[in-house]
Every structure is written in C-alpha cells, then in structure tokens.
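These are the structures, in structure tokens.
Look for chain A in each of the two complexes below; its partner is chain B in the first and chain C in the second.
Right, the complex of A and B next:
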C-alpha cells in the first residue's frame, strides 16, 4: 500500500506546476553556472609565466649593492626560484613546478608580518579585494593551503598532473570548489521549496486522502522519501551537467587528487593536511543526504503545525542562512556555544575543507561533530513527528 | 463597491503568508541594527586597515606589472597619491577630526576619478572601485565639505541607520512586494463558484485588488522604515535630518535626508504599483503562485547578476527593480535614462504598468469568453 501511495504521489509531484517551475529554475541556474561562471573562473594562485618573468626581471634589475639589506638577502633566492619555475613550465613538468612554487609561496609568506606597518611582499590581489581588512590573515591561510596542496600534488602518483589540476579546473575539482562555495545551502533551499506544499496540497482531495488505509506517519514518511529522492535527483542532475560541460575542456580529474583540510590544534600552530578528493565528496554526500532529510522532514512538520505552506518556506528557508546572525571572524574562540549550534554546520563544504574552523578560529567544527549534531537533529525531528502523528484523532488534512 | 474594496483589503492582510512576510520584514528592520553594529557594516573605522592594505597592494602590483614596458608613470603616481590622500582621511578618523576625514575622503575620490581619466592603463587586476562608485563618493564628499555637516562614519543615529537600510533593503523590496502580491488574483481560481457570482465587473474587481495590493504593500514598506527609525532613534537618538544623501537628477547630486526619504518612498510607491500589475498579469496567465514568483524573480535576477545585460536592455525594467540602485542612479548609468534623473525610470515603470494592465485585461476578457 505504501509503495502504491508513493507511486501516486510521485506522479502528482511532477505534475505540480510549482515543482516543474523549481526544476526549470534549477536547470537554468545550472546552465548559467556551467556556461558563464565556470569558464570565467580565475584561480587565486594562477600559473602565470608572464608575471613570474616580469617580477623576476624587475627584482634582478633592482638588485645592486645599494639595495636594502632585505632585498640583497632575499632577491637572489627569489630570482633563482622564479627561474626554476619558468624552466619547469617550459618542460610542462607540473610536479616540479608545484615543488618550486610551494617553496616560493612559503618564502614570501614568511616575510609578510600582519603586525608590521609597511609590507615589502604581497599576496595575490584577490585577497585585498573589497577592502578586506583581514587580507593578510586570509593571504597567510591561502599560502599555507596552496603550499600543502602543491606539496601533496608534487608527490601524487595516482595520475598525470596537468596545469588544470594545479589550478583546480578539472570536473571533480570544479565540483569541489562549488561545494566549498556554498552549493549545499542552495540545494537545501531547493529541498524546502519542493517539500513545502506536499501536505497542504492534499486538502484539495480530502475525501480521497481520508479514505486511504494508511496511518498518517506512513503517509508522511512516503512524502518525505519522495521529496528526498527528488532533491537528491536534482543534485545528481546538477553534478552530471557540471561534469559534462567541463570534462572535455579541462579533464575529469581523479578521485585521488589531494584536497586540503585545515587544523587548528589549541596551543600549537595551525597546519593543513590533505585527503583524497573522493573522501571529501563521499563525506559531503553523507552530510548532504542527512541534511536534506532533516529539512524535508522539518518543512513537512512545520506545514502540519501551521496548516500553511508559506510559513514553513519562510522559517526553514530563513534558517538555512541564519548563521549570519552571530557569525563574526573568530567568534568560535570566544563563544564556545557557536560550535554546538546546528546553524554552523549547514554549509557542509566549508566544514569539510576546514574553512569554517578558520572563520570561527576553533578546532572543534569537524565532520564528526557535524554528523553528531545533524544526526541528533534528525532524531529529534523524527521524535516530534512521531508524537504529533500519533496523537488521537490526528489527520494530515483538516 | 465599498464592500468589494473592504473584501480586497481583508483578503490581503488576513492572508497567513502576508502576515508572515510582514512580521519577517519588520523583525529584520529592527534586528538588523544589532547585526550591523555587531558586524561593523557601514563602519568606516573598521574598514581603515582594509582600504590601506588594498591601496598598498595596488601600488605594488602596478609596480610589478609595469616592468619591461614603458612605465606608465602617471598612473603609478596616481596610485601613490591615492595612498597618501587616504592617510589624511585615516588620520582624521583616528584623531576624531571630522573635517579632516571629510577632506581626505574628498581627495581620495578626486584622485580616483582623475585615474579614470588617465584610463588606468594596465590595471586589470587592481582593486579600484568602479567609476560610478567613485563619482558617488565624490558627490557625497563634496556635499559634506561644502555644507557644514558632521560626517557620519558609523551607524550611531537613526538617520545613518535609515540610510543603511535604504541601501541594504533596496534590492529586496521588489521580491518582498512580489511575495506579498503573488496570489493577488488567485482567489478567483480557488473559489471560482463564489467569485464568479459577485455582482461586479471584473474591471472593478481588478481595481479593488490593485488599490489594496499597492496601498497595503506601500504601507508595509513605510512601516518597515518607521520601525527601523524608531528602533535606532530610541536606542541612539535621531541625528541630523538634513544629512546629505546622494541621488540623481540628470547628474549625481546630494539632497537632504528628509527629501531623500520622501523621494525614496515615492519610488517605492511606483515600484509597488508596477509589481502589483506584474503579479496580476502573471497570475491571470499562469494561475500559480510559484510560477508568478519565479518569473518575476527571473526579471529581477537579470538586473542583479548581469548588470551589463540590464544596461543594454534599459527599456525593460530589470536593473531598475533594484530600488537602492534606482535611487542612487547606479541602475540607469550609461543608459539613455541617465540624463532624465529619477523621472525617466518612473515614467518607464508607469508605462510598463499600463502595458501589463492592458495585457491583463485582454487575457481576462479572452478567458471569460
């Protein structure tokens, strides 16, 4: 019976104008992203022989016995490194390039002191965009990250290393960048949009629905499963289109390519470790599946409690972006409760790359704690749903 | 007719969705004060380090880039001069000398604009504000220096908070109104047997819906501004009602705050009217709230995400749906509308409203047949 109910609901689901509109919007957004944003992506640390050469030549020409002492000390090393980078690029040996570029990035990074009033060295320009007051801290974070990744890539033996791999342009890496940029939040918004009228729509066929030999809990679970499947399907479609539009131009990439994870152990210096890309994506899928279930269930519950389809949309949709209420750089170090708040864990990509740890300045925002909190929230919502649907005289539609 | 009017109003404000949206908006305008102060939004003091870092990085980057070619000295000197002029503004800020800060801001804007006259050759990846923003800063800085107003560089009065709200909520008002009115013509679908037998013409019904939708939405926007003003006013005091605000009248100019608020609300009224007309047409075409919402939002998205395209398509209301950009003139810059100030976009919106209403009438007539 549940399967038949599910089947009928599935058909009705896709005949719903709203759901068709949501799918169309997602499709258009996906295409715009794949054909407009992805090709115009500029890496923060580009492989740019022209600038390397220009900088090297300028440093070489400025070097004289009358230069500042720091220049006399640093420039010969930097010039040597730049020459090695150019030679590696000439031979298209990207492993060698990564190994040398890593040294140079770290060398420059050591010579930038955020506390000093005058700087002689600079991070790439994007860190300074929008008058970012944390430019030097972000630049340091970015330097350490790129150094860790370059080191891992230079030792990576699972496949060929191309310029696209270093610049994170391959299909899988583009997917990872999108996830880190907040894809999860938009998928959750989609889930809320798909689920919000599943219960209230039944009002139109009250007599039919009330005659079905199904307990409200079973009917609700079938609806949740339906919206969950639909959202996961949309996610799959997005990934498929993204891969198809990038694979021929930049290559597919590989699940073994290293990706970085930030650590901030208390009392010790921060560092980056690397994990295979496949593990990152698998962890993302686990948390995403749980979160979509949570939001679908929550939306359905709210629509039962308020007997309206728009209020859950506003409440659940608002909750997705509510992290902004308390997020401030370094807030986690001062207020420990922010690391136990569920809202902190919605942007899964930033949890998995450790960027959320950097943002909150605490080591406690991890995958495991996210799993614990989200799983706990799922159980809590399940309990409430169980209690609500097993009240005496309860009906899904009134 | 009065009963019909009454019915339209009641249907509007007793709608659960509209109550939720209204509560959400009012809570936001009150609560954003706390967020803005906590996060340092609109706080020049907190941006000092960032601007300084960015200007320094610009000089260095240009210095590196220009090697090997003929040095474009003029641009290089311009970038250096920006740095020095900003140091003056910064000193003013740190010493609490507001006139020094205003002068410094004026100099920075002047030099940046001069840089645009030089063409900023070879500065593709420098962090320089776009020309319109520079002009806007220059106009405000001039207005501040020439009048005797104390420059505000933090959100610490009701006026500074209201100016911030005008910028922050400006892009979103269209979506809020669309959310409110997206089911304005749908009760005819859901309660067909009732609505078809009311002894009034469809024209009268549409008129009642139009007045109810426009006036109630506008009332909510005014309410939002009053909430914002009262919250900040009670907490920090009201401040200077004649503080200059940048708007456009053919070219950028400053007007006192009270006039700016009136102009802004007038624009909001026109935008509301346009949005209700759009909602009526989309409702009568699609019979669906969400399709109405998404179609309207698509129009808005073009202006938000592809500003160049919206400047090309200036005769279609996309960029001017952003109330903040419409008010400052950013939405109409580099289009034929720029010379007309605020009158051109208003006329455009009203013209489109008329077209939408005509199409709506045609569609309804065809549906009745």
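Right, the complex of A and C next:
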C-alpha cells in the first residue's frame, strides 16, 4: 500500500522542475569538478624527481668549509636521502621511496621552529599561500600527516603502491580528498533543496491526496524515504562519475590503502594513526546516511510547522554552514561546548580525518561522538515528528 | 453505515454553514444532496471526510469516529471522495492514478484496466493527464473512485463537464454501484438526472436539511400548469385549492383525496389558461425552484 504511494511520489518527484534543476546543477558541477578540478590537482607533497635532483645538487654544491654549521650537519644527510629517493623512483619502487621520503620530511620538519626568527628550511609553498599566519603549524601538521601515511604505505602489502597512490590521485583517494574537502555539506544542501517542497506541493493536489487511507506519519515517512533515496542516489551518481573519469588515468585504488587520522591526546604529543581507506569511506557513508535522513526529516518537519517551503530552506540550509558562527582556530580547547554542538559534526570528512580536531585543538571531536550527536538528533526529530503527526486533527495537506 | 450526529460547522464571517445536521444512511443507497452553490453541500462532504472539523457533533462510519489518526485511517479505508480534476497529477498517466487508488484502498474486485474499459478510457488512459480534455479528466476522477471500490463514495459534482452520453454512462454505473451495496452520497445540480436514480433527496438551506424526499415512497400527485402573469381570479382559484405556487409561475394543485369529477372540473378550468397542463409528483427541479428561487 505505502509502496504504491511511494511509487507515485517518486514519479512526481522526478517530474518536479525544481528537482530536475537541482539534479542538473549537481550533474554539471560533478562534470566540472571531474574534468577540470580533479586533473589540475597538485599534491602538496608531489613526487618530483627533477626538483629532488636539483635540490640535492644545489645542496651538494653549497657544501664547503665555509658553509653554515647547520648546512654542514644537515646537507650530507639530506643529500643522501635525496639520492635514495631518486634511486627508488628510478626503480619505480614507491614503497622504498615512501620510506626514505618520510625520513626526509620528518628531518626537515624537526629543523623548522615556529618560534624562531629565522628559518633555514621551509615547508612546501602551498602552506605559505595567502599569507597564511598558521603556515608553520599547518606545515608541521602536513609533515606529520604525510610521514604517517608514507610509513603505513611503505608497509602496505594489500596491493600495488604507485606514484598515484602516494599522491592520492587514485579514484578512491580522490573521493576521499573530495569528502575531506567538504563534499558532505553540499550533499546535505542538496537534500534540503530536494525535500523543501515535498509536503507543500501536495496543496496543488489536495482533493486527490487528502482522503487517502494513509496516516500522516506513514505519508511523511514515505516522502522522507524518497528524498533520502534521491539524495543517496545523487551521491552514488557523483561517485560513479568521479570513478569513471579517474580510474583509467590514475587507477581505482584500494579500500585497504592506509589513510590518516589525527589525534590530539590531552597532555601528550599530537600524532597520526592510519586506518584502511575502506573504513574511512564506510564511516562516512554511515554518518552521511544519518545526516541526510536528519536534514530531510527536519526540512519536512519545518515545512509542516511553517506551512511554507522557503523557511525550511533558509533554516535547514543555513544550519549546514552555521559552524562558521563560532569556528576559529583552537576554539574547542577554550569552549568545550563546541565539541558537543551538532553543527561541528556536519563536515564529516574532516571529522574522519581528524582535521576538525586540529582546527578546534581538541581530541574530543570524534566519529563516536558525531554518531552519538547525530543519532540523538535523529531520534529527537523523530519524536517531534511522531508527536506532531499523531495529533487528532493533524493533516499533511490543508 | 454513515451517521452524521448533530454536526455544526461554522466559518468566520459565514456563521453556521452546517447547523446541527443529522443524517443516517445505510449501505446500498444513493442519497442526493441538493442546494444552490455556497450553501454547505461540499462542507458536509468535507466534514464526512474529516477535512473540515465540526464545532460540535460527530461523524460515525461503521461505529468508528474520528478520534485519532488510527481511526481516521480506518474510516478513510471505508470511504472515498471524488477528487477535483484540477488536482490531478498532470504529468502522470490515468493508469497511475487508478493504480494509486486501487492499491491504497486494497481493491481486489476490479482492476484499473477493467475500469478504464468500462468508462471507455482505454485509448488514452496511459497518456499523461495534461493531454486530457475536461471531460476525460472528469471521467478519470470518477474512475479513481471506482478504483478505490470503497463502501462509501462521496461524489461532488461528478457530472460536471460531461456530455449526455457520458452522463448516461456514469449514471448507469452509479446505479450498478448501489446494486453492489455501495453507499453513495452525491452532490449534483443535474436534478433531472439525479431524479432518475437517487433513493433519497435532501435539500439544504441555512445549514439544515429543509426537505427530505424519499424517492421510493408514494409521491403525492399534483395537477401542474404554468402561468406567467396570473390574474386575480386565477390566483384565487389556486389559493382556495391549497395550490403550491412556484417562483417560476408553476402552479401545482394537490390531487390527494380529490374525486375524478373534481379533477376533471379543475382540468377543464385550467386548460384554457395554460398551454401545458400535466399530472404528476413534484420533481426535484420543481422542489429546487420552490425552495431557492425568490
């Protein structure tokens, strides 16, 4: 019975001009991203034998009895490491390259002191772009992250390690980078756009739908399921296009490839651990599925309460990006409530990579707490929906 | 069984649209609700459907009341209202509309295909509704009610926009529905058509039923003639014989308890006054004229 209602809603959903427009915009954005942004991606830590060789040769030539003491101490080691890197690359042994490159990254990182007035070594240039005041901190974070990942990759035995794997260019890694870059927020915005008029549109078909022998809760759940499925479908379409446009050039990658997770234990040194990429993606899918359900349900609830499709768009859409109202570097260390605020957990990619911990400077922003808060919010919204739709004279269509 | 118990519905600035209205209808009956536009007929159907909530009184369907969402759903499985054609889903086919109603009302008796064949809609039923003419949409709306196969059917202006052939077709189906045991509440302005099949006609005025005509009871006979501008003599003749005088000039002399000689005398008197003189009961259209034409 409900399936037929769902079927008709589904047909109506895709005949809706606004939904067609949203889907088209997502498709165009996906194609633009896959054909322009992805190919132009430049890793912060590129594998560049020409630069490695040039830097090595320069350092080698600069070594003389008149060199600074640090150069005398460091350059032989760096030259030796660069030579090992070049040899590994020459043999296309990327595990060996990762192992030695890790050592060099850590070696340089140890010699950059954010408190010093003069620096003899530098992190890759992207960290200094736009006069970034946190360049040295971000560079340190990046160095530790790449060192942890290179170490794990050098020990990875689950498949072939290529340059594309190290530079995170494979299909699955590109997906992960996209997720870490904020994909979740845009998918949630899409969910809100798809759901905002699902209830109010019925007003144009009042006499057809108002007498249906279906409780409002069931009808609303069918609508929620529909918008949820549509958004998950759009997500699947995005992933499919992303894979098709990258797999032949960079390879598919593997679910076992290590990916990093930042930790900031209180009173101890920050560090990175690694987890299989498949686990990262699975956790993302779980939180994404919950969040899409939450935002779809919330949007429908708001459209019932306000009997309007624009207010839910503003409120639910605004909530997605409302973290900006209180986010500033290190805020979590000062204001603990921010780690218990649901808005902090919408950008799931950053939660899963631990980057949110780095931004907030607290170890408390975790997948588990995100799951707890999002799950709690889902239950709360479900309870409100239950109370609203079970009122004696409640009707979805007025 | 459908019961309406002392239902009062009022709207701001309109007062009581339904005023302490009561009604009881058993299955296997067609009940016509008759009144001019804006006098509460549709409000009555909305109250039955619970899309308008009474200020007082209640609606009972098979001993179920609208007390919560569960009973509302249970009642709605027992009744189906005729939708408005402007509310149809323009991009969806007629078949989809029929399937929706058939599935939601668990219709096991008829199929959308058989219903569309019965209403001669087979040629276009799979086309999007936006391609339909007004008459085709009206037939689809009726077909949707048929697809529900609900025990109680609320038909509001079902004959609107239909040609005489389709009026006859739908009238025949409505009569068949009665034979099948359906309870049909029909609101219509086609009173001559309604006269053909309705079992009971209820005239509404001021939020109340002002006339309840049992179409199966023996109807009193009248000698009916029309006078455009009656003279004083003609008016006195009618008045002394307790005639019903209608705003449109119709005069009806009650023949109950009159002898054949008396009737023959009246006939001889009125024949020179009017071109059309006939004997029969008061029709629904004539009741309508008497009650609502000023």
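One rule holds for everything that comes next: the second predicted complex is superposed on the first by the 398 of 398 C-alpha atoms of A that agree within 3 Å, B and C clash if a C-alpha of one lies under 4 Å from a C-alpha of the other, contacts with A are read in each partner's own complex, and residues count from 1 in each chain.
FYI, a contact is a pair of C-beta atoms (placed from the backbone, for glycine too) under 8 Å apart; a residue touches a chain by one contact, two chains touch by 3 or more.
Everything quoted here is computed from the prediction, not taken from an experiment.
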Query - When chain B and chain C are modelled together on chain A, clash or fit - result: fit
Requested in this report: Please determine whether it is chain B or chain C that touches the greater number of chain A residues.
Outcome: B
Query raised in the report: Does the superposition put A:383 against chain B (first), chain C (second), both, or neither?
Result: neither
Query raised in the report: Of the two partner chains, chain B (first) and chain C (second), which one does A:212 touch, if any: first, second, both, or neither?
Result: second
Query raised in the report: First (chain B), second (chain C), both or neither: which does A:77 touch?
Result: neither
Query raised in the report: Is A:393 in contact with chain B, with chain C, with both, or with neither (first, second, both, neither)?
Result: second
Query raised in the report: Between chain B (first) and chain C (second), which does A:4 come into contact with in this model arrangement: first, second, both, or neither?
Result: second
Report task. Give one of first, second, both or neither to describe whether A:12 is in contact with chain B, with chain C, with both, or with none. Result -> second
Requested in this report: Please state, to the nearest 10 degrees, the angle that the Cα centres of chain B and chain C subtend at the Cα centre of chain A after superposition.
Outcome: 80
Requested in this report: Report the closest approach of chain B and chain C over their C-alpha atoms in the superposed model, as a whole number of Å.
Outcome: 12
Query raised in the report: Any idea which chain C residues touch chain A in the complex?
Result: 49-51, 53, 66-70, 72-74, 76-77, 79-84, 87-89, 91-92, 96-97, 99-100, 103-106, 144
Query raised in the report: Of all residues in chain A, which touch chain C in the complex?
Result: 1, 3-5, 8, 11-12, 15, 204-208, 210-217, 389-395
Report task. Sort out for me which residues of chain A touch chain B in the complex. Result -> 17-18, 21-22, 24-25, 28, 32, 51, 54-55, 57-58, 61, 119, 122-123, 125, 128-136, 193, 306, 308, 310-311, 314, 318, 324-325, 328
Report task. Going by the contact rule at the top, pick out the chain B residues touching chain A in the complex. Result -> 16-17, 20-21, 24, 35, 38-39, 46-51, 53-54, 56-58, 60-61, 63-65, 67-68, 125-127, 286, 288-291, 294, 298, 305
